[in-house]
Amino acid sequence: MHMADALLAPAVAATMYAASATAAGVSIHKLKKDDEPSKLPVMAVTSALVFAGQMINYTIPGTGSSGHMCGGMMLSALLGPYAGFLSMIVILAIQCLFFADGGLMALGANCWNMAFYGCFVGYFLIWRPIMNGKWFGEGKSAERARIIAASIIGCIITLQLGAFSVVLETSLSGITELPFGAFCALMQPIHLAIGLVEGLITAAVLVFVHDSRPELLSGVELSEGESAKRSLKTVVAILAVVALVVGGGLSLMASSNPDGLEWALFGNADGGYSTNMGLDEENFGVESSAAEKAGSIQEKTSFLPDYAFPGSESAAGTTVSGIVGSAIVAGAAILICFVGGFFRKRKVRTE
Amino acid sequence: MIEFRNVKFEYEKGKEVLHDMSFRIEKGESVGLIGANGAGKSTIMKLLLGLLQGEGKVLIDGTEVKKETLGEIRAKLGFVLQNSDNQMFMPTVYEDMIFGPLNYGLSREVVDKRVDEVLARLNLEYLKHRYNHKISGGEKRMGAIATILAMEPAAILMDEPTSALDPYNRRLVINTIRELEQTKLIASHDLDMILDTCDRVILISGGRIAADGPAREILSNKELLEANRMELPLRMQ
Amino acid sequence: MKKGIYRMNKMQKALAELSEMDELAARRSPVHTLHPAAKLLTTIVYILVTLSFDKYDLSGIVPMVLWPVLMFTISGVNVRTCFYKLRIVLPLVMAVGLFNPFFDKEIMVSIGGIGVSGGVISMITLMLKGVFCLMASFLLMATTKIDSLCAALRKLHVPAMLVSLLQLTYRYVGVMTEELAVMTEAYHLRAPGQKGIHISAWGSFLGQLLLRSMDRAQELFSSMMLRGYHEHFHYADIDRFRARDALFMAGCILFFVLLRYGNIAQLIGGLVVY
């Protein structure tokens, strides 16, 4: 689910950065307030572990294929939501910096899609309520069953939310012609399967931890008292909300009316759209002559109305010169490469 | 310098791992702490460092180890861990070396001078700006010792300082230990190394002191060692 | 280690990739010695400018290749290593971009009678964005050591806790990956023919290591406490931000703005065509 830089418009990337940075700021504040910088070594070692653990191939019985885990739910179950979120950020940062998995500018979006939901939604709305609830009764095996239920439900829901966000961010960035609904129809079912596998792996590991060192699981010990009574209701309420969100997404998907979609996405966002997209308007709305033609294409394909492009008939001449110019630039670049020994293996000079 | 007075300790209720233990280590002594796995060597180390609290009194330089004195105690003790990866957690050797002294409030200039002195003394100048994740096991162990020396502790505790080292690096570490003038307490199964570095040995068995005396004497006592699941050092065979 | 005879598992490959980046960053060149904050900010601006190009603005985006090419050349970093990493970025970008030609069939340009649809153009533009952004961030990491980058992040007021966590995690990524690599190898030696971890070991495989890691974390924390840790990490100082760093930044950004607002490709092309 790692998004690449290319899939995001600058405004979307910046918005997601702001959102993730806020969540990170809250997390840091919380951890500091609870005087938990002492958690730092545990966080570091656990995130290093999860980083490595993501590379394990898990054979999925009966399919011949293998699955992987991403670890957001697992981290928040082990470290709590705040420490889990920060750990996830660090994992994603290392992946993007050293392995090109994700991108420097997409980091904000990736943190949101993969860490925020898994850590915060997964922890507060799923893990803690279920673990402190009364599902499956009392005793050790009931606890195990709760871990399995929480892991699977948590992973599926948080991955669905993550996948939906990917679709939303990509579509808002206006880089794909794939209609929003079709994109959703592609992404959501795939991530249903991925979420299920992730949930099973997470459950397996957490049950193992629970059996050997139950004190390591976070948020489980506060089971007694009033919070426990409320929790089942909370679970039901949350599941209802999630169902609504997912259902809403599905119905949007089904609706082929771009106006309705547009309204649903931006109309009620309180001017958020124009603010968010202000940058694009400035950058892209330059060639007014092209706007008419662009509009006709966009009605069918895209839902970003102010997207113009420099390619109308009147500009045909410039387009040709653009192509020729591009070719010349490419030639120049290749020349630089060869002159500079770009493709040659350099002698290694280390300090 | 180091004193245990009737120390008892249990991890779980009813399962005492140290029974009424008492010993004294004088300033400048080098003491080897030997015993089979689970005898209680690590527990003794942790009690000294205040990582665990037991019954009885643990004294360092006349100060009792307790919550209020931890800062004072730990500034005097250097602990070399068995796993250097856990000790060298900063990006570079230099950053690891300045970590302790700066935390104890020394100025950067003083610390930098110390770091250079220690590295020169151990012939490790080349390691200064190397990455901890890029250096070999032997270099890491030497780096860990340098890290502790930069704190200028009055006493040094070591847990298996020669484990997982090749003969060359093992010898290097042994020579380094021999040259340290501080009070030393070394826990190890490497009895040849203990013989090389310590004048006195304390043998622990089942949470009690089974023997305490000159290293040569204890390490040549075949029956005593074998009764405690150890064997004679190669040099004594 | 002969190819074909000894197949590295995923973790070993990752370790090799990490150490390759470390080695690249330890080299020397005019780019390596630039202030990390200058490089970081310039890279971010480059990526943002690249992303801001319109999806049909193929001729506008092509000249953006000049900056990474120039930087690769000056820094002496081999581009092959960079393109090896494309295997991760490109499929993802392609998966999204490949749909464009099917949905957007309006002919935008015709070259020699063959019509090129908007979808094809937007697909190529998207791919170029992917490649350019990767080149830029690869360059950053290939010419900047991780601790210099962290120092830059601290200078840019990224919270100390996050930066320390990044640095500490990076320190242990190698250690943990190596442990898992060994475990994976041990597993497969006893389970020949199995592609992955069998479901019966799903929990215990990572779980065992997790428990051990918790002990490791405890020991690590002890070792920090014993050396007087209380909340702050002290790092080596990095070089000051000098005039040449500012000059580099200003120059590059000016260059990007020029590429963004003046269509260089069209200008050059115009000289030839008309």
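Order of writing sets the labels: A, B and C. Residues in every chain begin at 1.
One rule holds for everything that comes next: contacts are C-beta pairs under 8 Å (C-beta built on N, C-alpha and C of every residue); 3 or more make two chains touch, one makes a residue touch a chain.
Being a predicted model, the structure only gives us computed values, none of them experimental.
Q: Centre to centre, using CA atoms, which chain is the farthest one from chain C?
A: Most distant chain from chain C: B.
Q: Of all the chains, which has the CA centre nearest the overall CA centre?
A: That would be chain C.
Q: Taking each chain's centre as the mean of its CA atoms, how far is chain B from chain C in angstrom?
A: 42
Q: Approximately how many whole Å separate the CA-defined centres of chain A and chain C?
A: 18
Q: When the centre of a chain is set as the mean of its C-alpha atoms, what distance in Å lies between chain A and chain B?
A: The computed centroid separation for chain A versus chain B comes out at 47 Å.
Q: If you look at chain A, which of its residues touch at least two other chains?
A: Residues 41.
Q: Multi-chain contacts in chain B: which residues touch at least two other chains?
A: Counting only residues that touch two or more other chains, chain B contributes 89.
Q: Going by the contact rule already set, what residues in chain C reach two or more other chains?
A: 146, 168, 170-172, 175, 216, 220, 224
Q: Touching residues of chain C toward chain B in the complex: what are they?
A: Listed in rising order, the residues of chain C that touch chain B are 19, 22, 146-147, 150, 167-168, 170-172, 174-175, 216, 219-220, 222-230, 232-236.
Q: Considering only the defined contacts, which chain A positions touch chain C in the complex?
A: 2-10, 13, 24-25, 28, 31-32, 37-38, 40-49, 51-53, 55-61, 64, 66, 78, 86-87, 89-91, 93-94, 96-101, 103-105, 170, 174-179, 200-201, 203-209, 212-213, 216, 279-280, 283-284, 297, 301, 307-311, 316, 318-330, 332-333, 336-337, 339-346, 348-351
Q: Tell me, which parts of chain B touch chain C in their complex?
A: For chain B paired with chain C, touching residues are 49, 51, 71, 74-75, 77, 79, 81, 83, 85-87, 89-92, 94-95, 98-100, 102-104, 129, 131-134, 147, 151.
Q: Please name which positions on chain C make contact with chain A in the complex.
A: Listed in rising order, the residues are 10-11, 14, 17-18, 21, 23, 26-28, 43-44, 47-48, 50-52, 54-60, 62-63, 65-66, 69-70, 72-74, 76-80, 85-86, 88-89, 92-93, 96-97, 99-100, 102-104, 106, 108-109, 111, 118-119, 121-122, 126-127, 129-130, 133-134, 136-138, 140-141, 146, 149, 159, 161-162, 164-166, 168-173, 175-177, 179-180, 184, 194-199, 202-211, 213-214, 216-218, 220-221, 224, 231, 263-270, 272-274.
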